[in-house]
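See the structures that follow.
Two complexes are shown next, each including chain A; its partner changes from chain B in the first to chain C in the second.
The block that comes next holds the complex of A and B.
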């Protein structure tokens, strides 16, 4: 039980750290990393809960939930990253247009590509 | 963000974590409650596989797994709907190319092994699919623009394969068998293997395509986007060669 409690507590700690980072930091990429750390904490907790004592077979139900959860979390992260990169490209484009309308000739004509993630 | 606000959030989150810890401790030391684990292990001989996690995923909670595959598909559709994929990276150096040449066949072989071994030991469609997806990521990093995936039409078939086979098996069982995704014991193993094979391919293709980060390259979108994915980007030249 001791090992399960320590492992599960570490999961709760990770969850809390991720939640704090998610709430406090402004950039979406940081929020996304915090969100993923929260998810890892939940996975830790589930694995700890599945522990049935040394030598005994672990509970398969939480294991199955974590297994699919990891793959789903990866795909959701990919969607969020794609959204984030489009947002950044759109923001760069908008600031370009603004600079263009104010007639700033020193500005490079298309900086959107330089700001785009991950081709940078 | 305001410093005081960040501190307040930190204190509230700490209190929340302490509450969670207390609940977790109380659950661990409290009276054991009825859990699904023993039931899952007890019913294992009837499930068609001998590894309990696979039995949970593909038999007892098959609904859940079907919907998770649907979530994967929806996430990829979301990524594709955002526009064409950004162009690839610069060409890989000779070391990475050789490494990819060595690792890719091994990854595909290991993926097949994981798929088969899932019936009686840790393994199964999700692990095998994740490994296939990582092989695709490696290919994309090594300069392959489509991450090793086939052209768009075939890619669409691949990414829906998991949900489609799963649903078809379920509907056939509902029509001619004992109910939606209630496998007859005699063929349960083979139905699970069939679903897992399709799911492995679908998960691998979906993860690799998600890493590419947009609609597959070389596809004409119905409404031409004003911003071409490769125009003016110096790093995209290699990809056409």
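The block that comes next holds the complex of A and C.
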């Protein structure tokens, strides 16, 4: 019971830390790492619930849920990274066109590296 | 065949996604066939629920809790009918919209994934499968929204994806807490076991907060207008009409079937109602000020979602009985009417945008006037968004206002009145541009395949859901409306 409680509390702590990182940091990569830490926190909690005491077989349902959850988190992370690389390509193209029309040789700094939340 | 058909509305679109990916050359025909099959299976399940009552199925020969459970009751069946009809209209429109375009090959597989997960949310019987379906929905919706490939669309949909992930992981933490406390995820079993403990209260807050973020409830709506306004027209229609409804459906389901009345109390209902009121006023105001037609439609979605949340304080204050049944049915009717009307509106807006090359409201006069059927669709859908009789939202608002009178919560009447006036203002602002001095063409329909789906969807929101709203009451298992 004690070990499961510690493990579960650690999960909730991880979720809170991940949430903080997700909300506070601007760069996409840090947001994604934050999201994955939040996910790990939830998985910790599920694994703590599965524990049925030393020696007893664990509850299989939470384990199945964690495996599914990991697959979902990996796909979501991949899609976010893919969208971001498209966004950076589009931003680079736009700033190239801008620089070309002005005749300036250097490229304007891309804002896509730091995904911003809207200011309304 | 009655209960076993429950898996079809999820399996057929998945099969469709596989087929269009494997045989890209046959894409429009295969897409149309798969859309017809999906839509037909959804309507079949609705009819079976209508005839035989609640249905249930556990897949794969595994018993609960390992097997994947599907269930359909009146509420799921009504929303399944909505996703089937709106989905079919959107598919027919998409055939013409993406014809000969590179994006066609990306649209169809993602669209069928989206449709499968929509139906999956409406039919799933346990909280974890709901999470998987919600994530699948979020991933396919963000990918679809980014199809235009412009910088604005990519940025808006990356933000949409992140917000959706935050919402669903918060929901999942609530699910994990419930499993810790009660050892089951099946909605029916959990509803019988759950007690008003601090653990259940925390789970309620986490799950509703996560889902409200996905439903774009004010002030968590910031991601919706850019994401919906920058997507291709059929995608905007599906996102605004169907995808945001799934998160609302889940909140309603948790509220009605899962959490005990001691937790879904007056204070919680008042918070949801107040946020809904904020959404009605702010969304309508921003729609009135919007310069682009699709942005107007997106802000109007924010406002219409707000109306749905106004039902919670009314439901909470009304004792079980005919009056409460009326409120639940009116809430479903409101959601369905908005779905048909907004899909019609976005599809018509897409045609105007294609014709004019832009969608700035102030310069749309000529383009709108040269397409009478499309302008008529916008007007019909607009009358349903305002809530003019005989549209479905007129009946829903009527029942809502009666509920507000009967429970003594007069302040919601002011919100409903103000929101309706603002909606009238933003709709007539668009329509007034369509009556310029340019010559009007002789024929009503100029491009049948593109214009008819929008027209039919808009017509359904006014005629089908307005004049024939009674069946929704019987589908939900209630007596008739007592107006």
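Quick note on the criterion: the second predicted complex is superposed on the first by the 104 of 120 C-alpha atoms of A that agree within 3 Å, B and C clash if a C-alpha of one lies under 4 Å from a C-alpha of the other, contacts with A are read in each partner's own complex, and residues count from 1 in each chain.
We take it that contacts are C-beta pairs under 8 Å (C-beta built on N, C-alpha and C of every residue); 3 or more make two chains touch, one makes a residue touch a chain.
Bear in mind the structure is a predicted one, so any value in this text is a computation, not a measurement.
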(Q) Following the superposition defined at the top, how do chain B and chain C come out on chain A, clash or fit? (A) clash
Q. Does chain B (first) or chain C (second) touch A:45, or do both, or does neither?
A. both
Q) Touch check for A:74: first (chain B), second (chain C), both, or neither? A) first
Q: Considering only the touch criterion stated at the top, classify A:94 as touching first (chain B), second (chain C), both, or neither.
A: second
(Q) One more residue to check, A:26. First (chain B), second (chain C), both or neither? (A) first
Q: Please indicate which partner A:83 is in contact with in the superposed arrangement: first for chain B, second for chain C, both, or neither.
A: both
Q. Does chain B (first) or chain C (second) touch A:8, or do both, or does neither?
A. both
Q) Touch check for A:61: first (chain B), second (chain C), both, or neither? A) both
Q | Set intersection of chain A contacts, chain C complex versus chain B complex | A | 8, 12, 15, 19, 45, 60-61, 64, 68, 72, 75-76, 79, 83, 86, 112, 118
Q. What does chain B use to touch chain A in their complex?
A. 1, 6, 9-10, 13-14, 16-17, 20-21, 24-25, 28-29, 35-37, 40-41, 52-53, 55-57, 61, 64-65, 68, 71-72, 75-76, 78-79, 82-83, 86-87, 89, 124, 126-127, 129-130, 203, 206-207, 210-211, 213-214, 227, 232-233, 235
Q.
Could you list, by residue number, the parts of chain C that touch chain A in their complex?
A. 65-66, 128, 131-132, 135, 138-139, 142-143, 146, 149-151, 154-155, 157-159, 161-162, 165-166, 169, 172-173, 176-177, 179-180, 185, 222-223, 226
Q: Would you mind writing out the residues of chain A in touch with chain B in their complex?
A: 1, 4-5, 8-9, 12-13, 15-16, 19-20, 23-26, 45, 50, 52, 57-61, 63-64, 67-68, 70-72, 74-76, 78-79, 81-83, 85-86, 89, 93, 110, 112-113, 116, 118-119
(Q) Looking at the complex, which residues from chain A come into contact with chain C? (A) 8, 12, 15, 19, 22, 28, 31, 35, 38-39, 41-42, 45-46, 48-49, 60-62, 64-65, 68-69, 72, 75-76, 79-80, 83-84, 86-87, 90-91, 94, 112, 115, 117-118, 120
